[in-house]
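Accompanying notes for the structure given below.
We just call them A, B, C and D in the order they show up, numbering each chain from 1.
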Amino acid sequence: MKRENIILLVVFVLLALVPFAAEFTGQSSWTKLVGQALIYGMAAASLNFILGYGGMISFGHAAFFGVGGYVVGIMYHHFDAGTAFLGFIPGTDQMLITLPAAVLVAGLAAAVVGALSLRTGGVQFIMITLAFAQMFFFLFISLKTYGGEDGIMVRRTNALPGLDMKDKATLYWVVLGFAAAYYLFLRRLVQSSFGQIIAGIRQNERRMAAMGISTYRYKLYAFILSGMGAGLSGALMVNFLRFASPDMMHWSKSGELMVMVILGGVGTLAGPFIGAGALFTLESMLARYTEHWMLPVGILLLIVVMTSKGGLMALIRKLTGGAK
Amino acid sequence: MILLFEQLLNGLQYGVTLFLLAAGLTLIFGIMGVINLAHGALYMVGAFAASWVAIQTGSFWGGLLAGLVASAIAGIVVELGVMRRLYARDHLDQVLATFALILIFNQSTVLIFGRQPLFTSVPEIFSGSVQILPGLPYPTYRLFVIAVGLAVAVGLYFLINKTRVGMLVRAGATNRQMVRALGVNIQGLYTAVFALGALLAGLAGVMASPIVSVQVGMGDEIILATFVVVVIGGVGSVKGAFVAGIVLGMFDTMLRAFLPATLQQVMPGPEAQALGVGLSSMGIYLMMALVLLVRPRGLFAARG
Amino acid sequence: MKKLLTTASLLVASMVPAYAEGTKIGVITTLSGPAGYLGEQIRDGLTLGLQATGAAFELVVEDDGRDPNTGVQVADRMLNEEGIKLLTGIVFSNVSGAVVPEALDAGAIYVSPNAAPSGLAGAKCNPNYFVVSWQNDSLHEASGAAAKKLGYTTAVALAPNYQAGKDAIEGFKREFGGEVTEIYTGVEQSDFAGEMAQIRDKAPQVVFQFHPGGQGIAFLKQYQQSGLLGSIPMVLSEPSYDGVILKAVGPAAVGVTGTTHWNADFDNEASKAMVAAWAAAFPETPLTTYAQQAYDTGLLIGGALNKAGGEDVAALQAAIKAADFTSTRGHFAFGANQHPIQDWYMTEIVADEAGNPKIVTKEKIREAVGDVYAADCKM
Amino acid sequence: MTHVLEISGLVKKFGGLTATDHVSLTVDTGEIHALIGPNGAGKSTLINQICGEIIPNAGHIHLAGREVTRLPPADRVALGLGRTFQITSLLDDMTVRQNLGLAVQAREGGNFHIFDRAAKRAEIWDEVGETLNDTALSPRADIAAADLSHGEKKQLELLMALSQRPRLLLLDEPMAGLGHLESQQMIDSLRAARSDCAMLLVEHDMEAVFALADRISVLVYGRVIAAGTADEIRANPAVREAYLGEEDA
């Protein structure tokens, strides 16, 4: 087995043991903390695919995260109320239905946003994706049926046949399973034929066009795939927290996802997960000691960006002697 | 009719505030190629410094001076301490660093001034209203804000078009390498531009402080609209920032003022209200998306 | 600099609780961002209230950053790791929507000093969930009643375009009964010049507006600057004219009518004690209804702790449910959904000797009212 | 027979400047057609119109009998157009092998597959191996493109363009910046490739032009002032005056 795979396996096993360790040490909230970090890691990793591998700096990624979350929330709402969405789509609390639906709807949203945004580039692309995300935010904030700015409560986590989803550890393992699968999917994706084309477009779009690649179509496809990933993580987050709210698509959430990617390491597979974990743990640890946690978080972020290029992944590589 | 005119004035006043913020941002953006998310924090610094000094001394003008000085100093410190090391990095690192700066500025403000909003009032000579049309009294202070904004626009026009510094700034916005090749003290120019941008943001903050609530995070709300202005106007173009600022200010105000009522005439009640307000909140973003789809580099892009 | 020191000492004070041996109470509240002062008021009011009861308690305070995710994270740690069985403190209903179910599922009690989302007030009410503040609807109904009582028949009602804003206007309309023009403002809007022009154009007899926090400050300032303050009367509900807002707007608020469930000039022992304790502890900071609600929460919780202790959740729940405390607002009882039944008062903002705004209670306008959701609650 | 490339009456204006002024020319199968002219004559503008990066104001471009005047660049590549750039344009972070691999992959298709492994596509890597064999780049195959010498970059770019198996290859100053020996190698490579595809060669190096070109067109101020064989162009007085006279002086 390759060294990289061994490390992955070890990390996976360690993560799988988190609920036990948390219980054993009496720090049981770690299960939830790590679970949330994993979901954010997935969202950040989906962003990293277009941002790090594809060179498309999207500042509106939280929109798809939120859309995915709201699909779960809205379906649960109708399930709970016994009504139908748009009058003909019945609600459900089955994860096997809600998650694919969330992925699909987020992908559709990404298709529309991407199709328009990708006509621009550079700073304009950053801003136009932000603009679309803001439109989603304002749309959901004025949806009275679904709680407006207060959001929707999802009183019970979606059901998965054969599992007791009320159990925190079970839910955590489900999340871990999705995160691991998503990691492997991304690993395969960046090595695939399509992944190579996307990497080529990031490095030299003009050259790729001269080789007969209609870059727009490939970038759009990447944008949609990435939006679907964000939708999946949003749907998981709503299941995990049992709550969906417009905060999920606020522009500061897009910014946070971006920070996770940059902090962890742009264009690396593990970077976004590491970045999400680091930022999340840092915030929540510091918040325990001081109400002014934003100050040390800000200073630490600044130090990281000023002193190292390539984020925490670069640091880890340096420390482990250049090994992958 | 009077209502329409008043709303136009309101739009103009909002527009010049956006212009003050966007002018600095677009220069920093265009010349140094830096995405400065923390520009709104400088607006906040200006507002807080001005309010605090105004409270202590009882003088709005003392506050104005303090706000300008404080924001310019904050700008210089940020440029020397942080931005200077990031010019060569890509946009992403700049985004992260300036995001960190927002956290630092906001929380430091909490530590220094506390969490409660500060109170400032309109200076005595501008406290009343002026009867600009029969039946339309308009707050003198807002007219003052409009005048200051327009004066800054004229000043910037002369600075950029008629002075040597302005020539360098223009050249820098079009071609960074060329300015370097001219043997200019590029570091000095960068610091100066950054300080100028910070000063203008601070000025916007000072002017807004008697109108809005001077509170932590006040810059984060307006910075998005400012970015929209910069992008619609064209990155690096002060003229673009001016035109886009005014147009956007008016467009936004008009939408808020008239769209819900207009929709109500063609649709049944409450839904029309909700839709109208939703649409007018989205208005500026919708406008940016449309402009970029037609002109992907904005209206007055400096770089070809 | 003095401010800095005060803040620093407060910070220390909050981290080193006075009664380190007592029952742990988890306080999840918003301390960062523009709304941070609300959390500060709640934390400090709660502390004073608890101290007034002499109960043995230990506060574990943490910031939720107005983010439901953070709130749940914090709640999870408090509930499962530190074994806390009693939570309170949340300012915003979007946070409480996420946190309250978490607490209830863990078998803990949540007592709300402020946020009271309608989603938890009706059919989804819960024996372990209490609200000490007020339900949104009843708050704004009081303003409608006040405007009606003052003899007005036409109004312009303004509120931000989110759920609480819509509820506010609905509540106002319900009791007002006259002709109402509704204007919704932007969620993050801070310049209301356009709305001022519309108000002038409509020329109603009265203006009702609901803009808590910074928006309220901006609105009142601009209302005065546009010259409307003297010409069209304004009626407000308490979150739009709290002490902090008044301090920030200065004379711009004088002449405005407000409705509230409590005011600093209330003539009862509990209220006087609280005002005195607050003035001694935080001379620089105005006492708002947020702090008062939290103080009442402190009295309620402290009393219940004294009676039932902190170990037995069921006993504690019963003690809280009894609401056996002397509220700073005078009459207080829990309705069927464990939300308050209380009186509402009309107040007026007048200028004190220094010309600064001061709230004076005028009269009681509604007596012993609960909320419309209580009927749906089957407990 | 049809021409591989046929340009007729092409006009492109930038503001008041006419960069391409009613240009007409053809390239036939197996032919190397050179386009020469002083700096600013509009050669790159013309190339970019043929590639589709710039859309002309008037006139027509036909590629292998199909009108392509307004098609996007990628669609023209599908019809058999390949190109090299005046300033070499490679995928800098990738190795020589990966650069070539991507060029082959772009031609072979399957580019939307997300579950395969590009590194395991034998049809690609076999071909890349064959292409690299016997070239000077062979020992440098696993070096990042950014680290190659200027001459090697030019060479790699040509190999990438040829890997697309174009019918027509647009060469934008392939000799620029090359030493004498490297130029000779480039001329040899081009000569070897002429059996596979026609070429439109933009070049300043007259020695190379005369060594390779079957026909030469001379572009001055956006207009074709002369066209013909090498000998005809050498003898043309207008060309001597407008162009060669100055350049050779």
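Operating definition for what follows: contacts are C-beta pairs under 8 Å (C-beta built on N, C-alpha and C of every residue); 3 or more make two chains touch, one makes a residue touch a chain.
All values reported here derive from a predicted model rather than from experimental measurement.
Colleague: If you take the chains that touch chain A and keep only those that also touch chain B, what is left?
Modeller: A chain counts here if it touches both chain A and chain B, which gives C.
Colleague: Could you tell me which pair, A-D or B-C, is linked by more C-beta pairs in contact?
Modeller: Ranking B-C and A-D by C-beta contacts puts B-C first.
Colleague: What chain lies farthest away from chain B once each centre is taken as the mean of the Cα atoms?
Modeller: The chain farthest from chain B, judged by C-alpha centres, is D.
Colleague: Taking each chain's centre as its mean C-alpha position, how far apart are chain B and chain C in Å?
Modeller: 34
Colleague: Where the centres are mean C-alpha positions, what is the separation of chain A from chain D, in Å?
Modeller: Computed from C-alpha means, the inter-chain centre distance equals 44 Å.
Colleague: Could you put a whole-Å number on the gap between the CA centroids of chain C and chain D?
Modeller: Each chain's C-alpha centroid was found; their separation is 73 Å.
Colleague: Between chain A and chain C, what is the separation of their C-alpha centroids in Å?
Modeller: The separation of the two C-alpha centroids amounts to 35 Å.
Colleague: Touching two or more other chains, which residues of chain B qualify?
Modeller: Chain B, residues with two or more chain partners: 106-107, 110-111, 274, 277-278, 281.
Colleague: Residue numbers in chain A touching 2 or more other chains?
Modeller: Chain A, residues with two or more chain partners: 138, 142, 144, 292, 294.
Colleague: I'd like to see which chains touch which, written out pair by pair.
Modeller: A-B, A-C, A-D, B-C
Colleague: Name, in rising order, each residue of chain C that touches chain A in their complex.
Modeller: Touching chain A from chain C are residues 11, 14-15, 31-32, 61-63, 65-70, 72-74, 76-77, 80-81, 93-94, 97-98, 101-102, 117, 119, 124, 161-164, 166, 187.
Colleague: Within their complex, state which residues of chain A touch chain B.
Modeller: Per the touch definition, chain A meets chain B at residues 51, 57, 116, 119-121, 123-124, 126-128, 130-132, 134-135, 138-139, 142, 144, 251-252, 255, 258-259, 261-263, 266, 292, 294-295, 297-299, 301-302, 304-306, 309.
Colleague: For chain B, which residues count as touching chain C in their complex?
Modeller: Touching chain C from chain B are residues 2-3, 6-7, 10-11, 13-14, 17, 106-107, 110-119, 121-122, 129, 137, 139, 141-142, 208, 210-218, 221-222, 253, 256-257, 260, 273-274, 276-278, 280-281.
Colleague: If we count contacts the way the header does, which residues on chain C are in touch with chain B in the complex?
Modeller: 3-4, 6-8, 31-34, 36-37, 40, 161, 166, 182-191, 193-195, 197-198, 200-201, 213-218, 221-222, 225-227, 244-245, 247-251, 285
Colleague: List the residues on chain A that touch chain C in their complex, please.
Modeller: 26-29, 32-33, 36, 138, 141-142, 144, 147-151, 153, 155, 237, 241-243, 245, 247, 283-284, 287-294
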